[in-house]
Amino acid sequence: MDAHQDFDQELKNIEGKIAELTRLSADDSVQFGTEIAQLEKKKADLEKTLYASLSAWQTVQIARHPQRPLLRDYIENIFSEFIELHGDRRFGDDHGLIGGFATIGDRRAVLIGHQKGRTVEDNVKMNFGMASPDGYRKALRIMKLAEKYRLPVISFIDTPGAYPGLDAEARGQAEAIATNLAAMALLEVPMLVIVSGEGGSGGALGIGMGDTVMMLSYAVYSVISPEGCASILWRDGAKAPEAADALKITAESLKKLGVVDEIIPEPLGGAHRDPRQTMENVKTALLKGLKKHARFSPKKLVETRYEKYADIGRWKNWW
Amino acid sequence: MDAHQDFDQELKNIEGKIAELTRLSADDSVQFGTEIAQLEKKKADLEKTLYASLSAWQTVQIARHPQRPLLRDYIENIFSEFIELHGDRRFGDDHGLIGGFATIGDRRAVLIGHQKGRTVEDNVKMNFGMASPDGYRKALRIMKLAEKYRLPVISFIDTPGAYPGLDAEARGQAEAIATNLAAMALLEVPMLVIVSGEGGSGGALGIGMGDTVMMLSYAVYSVISPEGCASILWRDGAKAPEAADALKITAESLKKLGVVDEIIPEPLGGAHRDPRQTMENVKTALLKGLKKHARFSPKKLVETRYEKYADIGRWKNWW
Amino acid sequence: MAWFRKKSKHKGKDEGLDDNLWVVCPDCKTHVHRDEWYAAPKVCPKCVFHERLSARERLDITIDPGTFHEFNQDISTSDPLQFTDGKESYFTKAEAAKGRTGLNEAVVTGSGKIDDQTVTIAVMDFRFLGGSLGSGTGEKILLGADYALRHRRPYIVFSASGGARMHEGIVSLMQMAKTCAGIARLHKAGIPYISVLTDPTTGGVSASFAMAGDIHIAEPRALIGFAGRRVIEQTIRQKLPADFQTAEYLLEHGFIDIIAHRRDMRNTLSRVLRYWKR
Amino acid sequence: MAWFRKKSKHKGKDEGLDDNLWVVCPDCKTHVHRDEWYAAPKVCPKCVFHERLSARERLDITIDPGTFHEFNQDISTSDPLQFTDGKESYFTKAEAAKGRTGLNEAVVTGSGKIDDQTVTIAVMDFRFLGGSLGSGTGEKILLGADYALRHRRPYIVFSASGGARMHEGIVSLMQMAKTCAGIARLHKAGIPYISVLTDPTTGGVSASFAMAGDIHIAEPRALIGFAGRRVIEQTIRQKLPADFQTAEYLLEHGFIDIIAHRRDMRNTLSRVLRYWKR
């Protein structure tokens, strides 16, 4: 799964050299200013070449990059407060889908989202961001709480998909997602969705019906993983790059398809190359969205959301 | 647990003799008309003596009598149709608390209730009518369905209590009952409750907030089982008869306390002595209740129900 | 979404025929007299195997004769991604499905009567691209909900689907949201929505309108689940119970209200419908 | 309802005192300087054991000084059953509890400010007949909900109770319904209801208002559950997990939102309250 490194390995080499030279320059005895400048130029050129026309599959690698900001990074950096709420009041507390009260700028909201881990230990606990029915039911409970408290909902999507496990099936993964979809359709508060990393099928959509759906420029969102699609349609998982391309899973494609309303720019090469800037962009987009939707009455919000989703794939749209 | 037999053993002996003599009379060769008449008289006198002033503890024995009609008997005999609905849409399908669409007379309704078994096998399946959180959540789902379909709810109570098990605790027995109480308080359709056998504490109340609460004349309803109360307060489970008396758990006491609105008469000695008559009485009471409450608007129903419960134990009521 | 590779027991109506008089049950291999087989219809009297029905066959045994009026028959597949898997384009595949089935989409919708009660109904057809949820499918199901809402008629949806239609990519995924938005309006307006889950109801269809009913009725032994069996086995690295993801398993786990044998289905629907006070 | 026989670790404030300077933690037996002990307050710095607080102590550390106005102080116990257990009457027992605690019932209710935000608050006192839910208790909790509703103020209830008060029989049981009816109205009207579960919250109190909150906050290690441990062990004939029915266990099982150390409780409430847009 180190494909993300394949296509920017050269870039990493250059960055390593720059770092090394900078370190050496620091002790004053030798100066590599010229060499550094040359390398910086080379890096910039290479970045443009590399990232100017990324394939869908390369975008997948960026969306899954181990250094890509995770929900917890956003919480720490762009929210001034987060009060986590736990549990579905039915069965358990899913660590892979979290939620709570959150403040961003001068706006109070409810935040829900998939939580991947960065360490192996965390990922076991958080199940790699693959939520269980308990997670979807917790998210629903928190969305209903938002409705009672009249707070907008912000939903961060970053999941390979809903957890495909025996227990998850036994406890009704399908029912949990279905119930959330019906509930989100009627939710009387604004719902802002950000696809920040991987948007994995029903597991993503289960917390993802938004008045505004935003997507980071290197995020992906798909009905099925490229690997899964390739192994079914191409009968060869290695054809994932082809499948990724065919599935039109990048932000730009999705915007054209009317599923994504807004693309939040990432730095060239991906969020991990400048997490702080990325998070600033997300913050700006969120504040704008919160401000925009705060104007609408509950009735208007629900009607508009209905029209929006009823319109996706309207038969005549394609003809 | 054969205490129920202790105090009506003599009656059973007489009934046995009557049956035997009647059988013998049937073949025409001998006639025992006089003897039978005498025995019938003796039986009637004894019944009056025995049942005229039953102790609370004796009433408990009748309420728990193994031949006492169970929910399934009512379903078979006084409902012309029952379409059972299954499952809580969360975890499982509790066989000890069932529900579904039901027709009684010319009235359609939703029926929920505790389901005890009569055989060991059934009782294992139905957990002796001790419901789990799944049962209470199923009942809630069906009550909400009644609200959507604008059907009255009929709730039959016959349980030793909510199941005190590890799994039941882990899945939130307390939360399930609490949620039901809050939901029943707002339910916008008529809710008729019948305590038909044992009304065991929170396990009974969890489906038991009614616009009219009816109780069969030999049923009991208590905050704690007499045995449990005796073992705590008397520090001796054998003092259950005293506890039963002190707890005021009979229909008549409960009516005086304002918790029961209506007592449905049973034949002398208990429902098991004439199940058909008992069930007829229940049917009549239910049809009357359904007719009465059908008149009220949802708003009026909910307000009246609130006032009713707010009034129980109103401080000034006792002073 | 796994309907392409699935080794199905359902082999089509002719393959099961031994000669003209006998049908061999695809599951238990019992020889069943063809009159009995088609009267059931297509249910094995021995093992209760329910052979899949086409949408028309389903409507025939569900709706009162002469009362069905179809909606939106012209709505057909769309190809928002201009999808091709290298060998074959979605367009070609869809055209073939249309030719083979005589349908324009994986669902037939309309209005009709069940035992004299007017309902809006949608019936999926697994033969059409595995009953997958394309934009045309979702559109028809939503328009059905919309009709049921405006006319205050109960809505009944028979599902039979492998899930989302990946050839339509994200647009297919969004049909889950779209159909559920229609269902949510019915719930809010107090209009009955009855979901009937038939073999198979999996993936994105199970995780949207099929599992959002007031009442969930399933056919015996129908496969119902979210994730595919193989994916789950690979994930958890253990064998799954034999009855896993069957209607019976879901009943036990609290997600199905009623399992109704095919011969009782119409009657069950009719009885349930009478409980709604419009 | 098992508070009579319970062998409690909570031995009252004086027994734990070694001499005037040191308090012995009733749980881990650590010697804690009395200043530290009472500053926490009454929390062991080593094992985080939270000693039970009286209602007054709780109000002191929760409500802004000088802002508390008590409601219905005169509401007291009722004896609808004229209950006696043979040795002692409920009346006598209740009178003794009143004398011992200076309270008229097992809950103190009123209005006050938390960090300058006006709230309605109810605090149970376990010392009063084990915090059991009598008719007076239920009445005060309902009147609190009613006040919160009329004035559109958040309602906060601190629970500490063994459950129903069996001396009041069925009338006690009905307080579960009664209090929940009040809470239900708050939910419907969009008024926050925050339940704080402290040691112990069991039986009929756990199965009514304590578990019906928008938000459930618990103190660390608090005992929270429906049935008593002994009853469960007798029923299922197996040992229970060590952490069974603790706040931590309930958090893991999805029933508690936040576990807040006593020193953070006021601040947690204050922060949460700010999210309600009245």
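Labels A, B, C and D are assigned to the chains in the order they are written; within every chain, residues are numbered from 1.
By our rule, a residue touches a chain if its C-beta (ideal position, glycine included) is under 8 Å from a C-beta of that chain, and two chains touch if they have at least 3 such contacts.
A quick note: this is a predicted structure, and the numbers were derived from the prediction, not measured.
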Intersection of contact partners for chain B and chain C: A
Path length in steps (a step moves to a chain that is touched) from chain C to chain D: 2
Pair exhibiting more inter-chain C-beta contacts, A-C or A-D: A-C
Separation of chain B from chain D, taking each centre as the mean of its C-alpha atoms, in whole Å: 33
Chain A and chain D, separation of their C-alpha mean positions in angstrom: 42
Chain A-chain B separation of Cα centroids, rounded to whole Å: 54
Shared-contact residues (touching 2 or more other chains) in chain B: 89-91, 171-172, 175, 179
Multi-partner residues of chain C (at least 2 other chains): 187, 253-255
Graph class of chain-chain contacts, one of line, ring, star, complete, other: other
Set of all touching chain pairs, with the criterion as stated earlier: A-B, A-C, A-D, B-C, B-D
Interface residues, chain B side, partner chain D - complex: 162-166, 168-175, 177-179, 181-186, 201-202, 205-206, 208-209, 221-224, 228-229, 232-235, 239, 242-243, 246-249, 254, 257, 259, 305-306, 309-310, 312-315, 317-319
Footprint of chain A on chain B - complex, ascending: 89-91, 137, 171-172, 175, 179
In the complex, chain A residues that touch chain D: 81, 83-93, 101, 108, 110, 134, 138, 145, 148-151
Residue ranges of chain C in contact with chain A within the complex: 1-2, 4-5, 75-76, 78-81, 83-86, 134-136, 138-139, 142, 164, 166, 168-178, 180-185, 187-188, 203-204, 206-212, 224-228, 231-232, 235-236, 238, 240, 244-245, 253-255
Chain A-facing residues of chain D, complex: 187, 190, 192, 214-215, 251-258, 268, 271-272, 274-277
